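Once you've had a glance at the structure underneath, I'll fire off some questions.
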Amino acid sequence: MEKHCITVENLQVNYHQQVALESVSVELPLGKITGIIGPNGSGKTTFLKAILGIVTPSTGIIRFFGETLDQVRQQVAYVPQRESVDWDFPISVYDVVSMGRLNPKRWWQRVAAEDLRIIQDALAQVNLTELQHRQIGQLSGGQQQRVFLARALAQQASLIVMDEPFVGVDIASQDSILKVLQTLRDEGKSIVIVHHDLSTVATYFDYVVLLNNKLVAAGDTKIMLQPETLAKAYGHSLLFQSTASES
Amino acid sequence: MGNGLIIITALLVALPASLLGVFLLMRKMVMVGDAISHAVLPGIVVAYLLTDSRDSLPMLLGAAVMGVLTTVFIDFLNRRIRIQQDAAIGTAFTFLFAVGVLLIAFFAGTNTDLDQECVLYGDLETSFLDQRIWNGYLVGTGAIFQLLPLNILVLAVIVIAFRPLTIWAFNSDFGKLLGMKTGRWQLLMMSLVSIHAVLSFESVGAIMVVGMLVLPAATAYLISNKLIVVLCISGAIGILGCVVGFFVALWLNVSIAPTIVSICGVFFTIIWSLQWLRGERKVIQTSSASN
Amino acid sequence: MNYFADPTIQRMFLGTIVIGVTASAVGVFAFLRKKALVGDAISHAILPGVALAYIATETRETWVLMIGAVIAGWLATQYMDVLSRTTKLKSDAVVAIVLSIFFAIGLVLISWIQGTGKDAQAGLSDFLFGKIAAISTQDIYAFAVLAVCLMFLLLWKYKTFYFLAFNAEYLKVRGFSIRWNDMLISTASILAIAMGIQAVGVVLMSALLIIPVAGARMLTFRILPLMTISVLFGVIGAVGGAFSSTLAPNMPTGPWIIVVLFFIVVVCFMIRYFSERSKRTSIPKTQRHG
């Protein structure tokens, strides 16, 4: 029985003759909310993108639920950073969420009634039903984040991978997003989040991975937040860590 | 003698272009420079029709204003009409250029000096015919007399205002923090680009201007990161491109202006491929080191 | 009406409509992918392709020149791609570099052809500003067939292209091939541009791609209406421009089409401006990140 949602073995990513990630090996637990943390420039987003194949690693073996990504793509939902999206793009909330129902092997198919129901369910779960026909630029930060979450929900994936989803989001929205994530976890889904804010790690995550261009440490949250472990990752920059966003 | 005058004219077009182009490159405004060189066409045509000559100062000023108005127009399309940046540039300059072409077509019958293709190619080959004689000595051509002040102006501006220009080019936000009126520097540089475009039209035509703006500057930027070095290399490449391009054009019996740009393009490609090959070797070295 | 009975006029209208439709349809995706100026570079880059095709085959056959055009367009696209990937140069510089190099080479080739005295070079200069009258009826039928194929491709795959333009990374993780889809839409664009150049010329071609969708964008943010309205504007621009160019002798068609299209954009802006003013409740613009 597969105990891990993601297994990473010897992942190395080079970027323009510089080493972004050096020989990272880690196993992320099934059915838990995992946080990837580390200082700015520590390669957290690169780690995410390399695992998902968005960026090509120099070496490394990645397994999802014991299989290669190609075998389980439908089960992996990617939620990108909000700042990487063009919010002026002519697209509605509904259309973004409908991307969750795409199937590369049958992209010509019309949207089925079943798909429509799943999309509406996803919208309802994040409370965006009334806003579904708005252009995405017309939403607040928290609402925008929920659009991407709804897309991941519509995909009905077992693993949701998110890149700094709480940046620039008001506290109320952060809470509501967290609640949805916790519900998903309780249903058995796995969630991996690249996170920017040390102060919320204890409340959000069950498992923590500390990166600093290499693996510093990985383990249950309680163990990870010892000062010595944090110092190895953050070094002197820990002095400047605050609840402010690093983006 | 004619050859010498032609080369000098070409140099006087290429030098300010290669210098101004460095700043456009830094500010990611290269295509705006391209837009300006197209957009000045209607201004030139109108001024020409009104004053019936190609030499007058009002024409120059009018067309320079036209160039600055283009940046304002693009900005207007971008911010007020909310068209995205690249579409705003594309819309602005094609419309203005179209208007210019139509004006030429309307009045081509009466004014044989206006010619659609001349607008593109320029007329370096015959520019030496417009000679200025003073006290029996040949002192230059009409084109040279127009371009020389521009060259002096551009060099003067760059030398005198080097510090603030560097800040404007590399770190505009920082400059604003210091209280620098970055808008003014932008206006100044865009005005120089417009004046250059107008003056160069006659010699090298519209399309060549963008080539001289971007190619020497980009080549220099591949070689160095320091502004002063980039400016020097860019200027040198512009000059070299003119000389080599001129002789190649003579040899192949083809139009001079596009040959000059093509040669600059060859320089760029050579420098780029050298750089790329060097980069590839480094990658092979680092990956074999880590294995 | 005698006007439309004239076969030259018929050809002109049919030709401009075919070109207007494909250019504006393909232009929607150039706009979405933020590659308006790339379209401009491709338009200029086509010139040396046409010139070389002519030099190599000594014919002014449209389909021969088209092949040269497509190869040149493809080379330009590859060069821009490679420069973006391997240098620190930003996209505006890359576009300008490829545009000016290719175009300059094209002008050199044309002036070389002029120098050797082959008199059909006058036909090549038509590519600079466009000359719809120079296109034969056969060619227009061929273009129409090509246009139908391109439109089929777009209708079939528009959703994929649309989502890809919005969030390519997400689609990559889902298993879509970015490479393959990029190649499809790029090839479609190059073909549309190679066709369109013969009507509006190299310099103004990018306008035919971008201005219709720029106007349509002011009226809607949904993809199907965006495509439909853009194509409609493309047709109006083409027809209006072609018509205006017949009003006086020796008028080039290209610039007139651009002028009509620009006028359409102004009207769209007015519509949007007044409809926004009349809205009582406005949705607050949010503080956006990045």
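Note that the chains take the letters A, B and C in the order they are written out, and that residue 1 is the start of every chain.
Note that in this section contacts are C-beta pairs under 8 Å (C-beta built on N, C-alpha and C of every residue); 3 or more make two chains touch, one makes a residue touch a chain.
Computed from a predicted structure; not experimentally measured.
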{"item": "Per Cα centroids, the chain farthest from subunit A", "value": "B"}
{"item": "Chain closest to the middle [Cα centroid of all protein chains]", "value": "C"}
{"item": "Distance from subunit C to subunit A - Cα centre to Cα centre, in angstrom", "value": "39"}
{"item": "Whole-Å gap separating subunit B and subunit C, where each centre is the average of the chain's CA atoms", "value": "25"}
{"item": "Centre-of-Cα separation between subunit B and subunit A, whole angstrom", "value": "47"}
{"item": "Overlap residues in subunit B, where contacts from two or more other chains coincide", "value": "84, 279"}
{"item": "Residues of subunit C whose C-beta touches two or more other chains", "value": "217"}
{"item": "Touching residues (chain side subunit A, partner subunit C) in the complex", "value": "49, 52-54, 69-70, 73-74, 76, 78, 80, 82-87, 89-92, 95-96, 99, 102, 104-105, 107-108, 134-135, 137-141, 144, 151, 167-168, 247"}
{"item": "Footprint of subunit A on subunit C - complex, ascending", "value": "32, 156-157, 159-160, 162-163, 165-167, 169-176, 217, 220-223, 226, 283, 285-290"}
{"item": "Subunit C-facing residues of subunit B, complex", "value": "25, 28-31, 33-34, 38, 81-84, 86-91, 94-95, 97-99, 101-102, 105-106, 108, 116-117, 120-121, 207-208, 210-211, 213-215, 218, 221-222, 249, 252-255, 257-259, 261-262, 265, 268-269, 272, 275-276, 279"}
{"item": "Subunit C to subunit B touching residues, read off their complex", "value": "31, 34-37, 39-40, 44, 83, 86-90, 92-93, 95-97, 99-101, 103-108, 111-112, 115, 125, 128-129, 203-204, 206-207, 210-211, 213-214, 217-218, 248, 250-252, 254-256, 258-259, 262, 265, 269"}
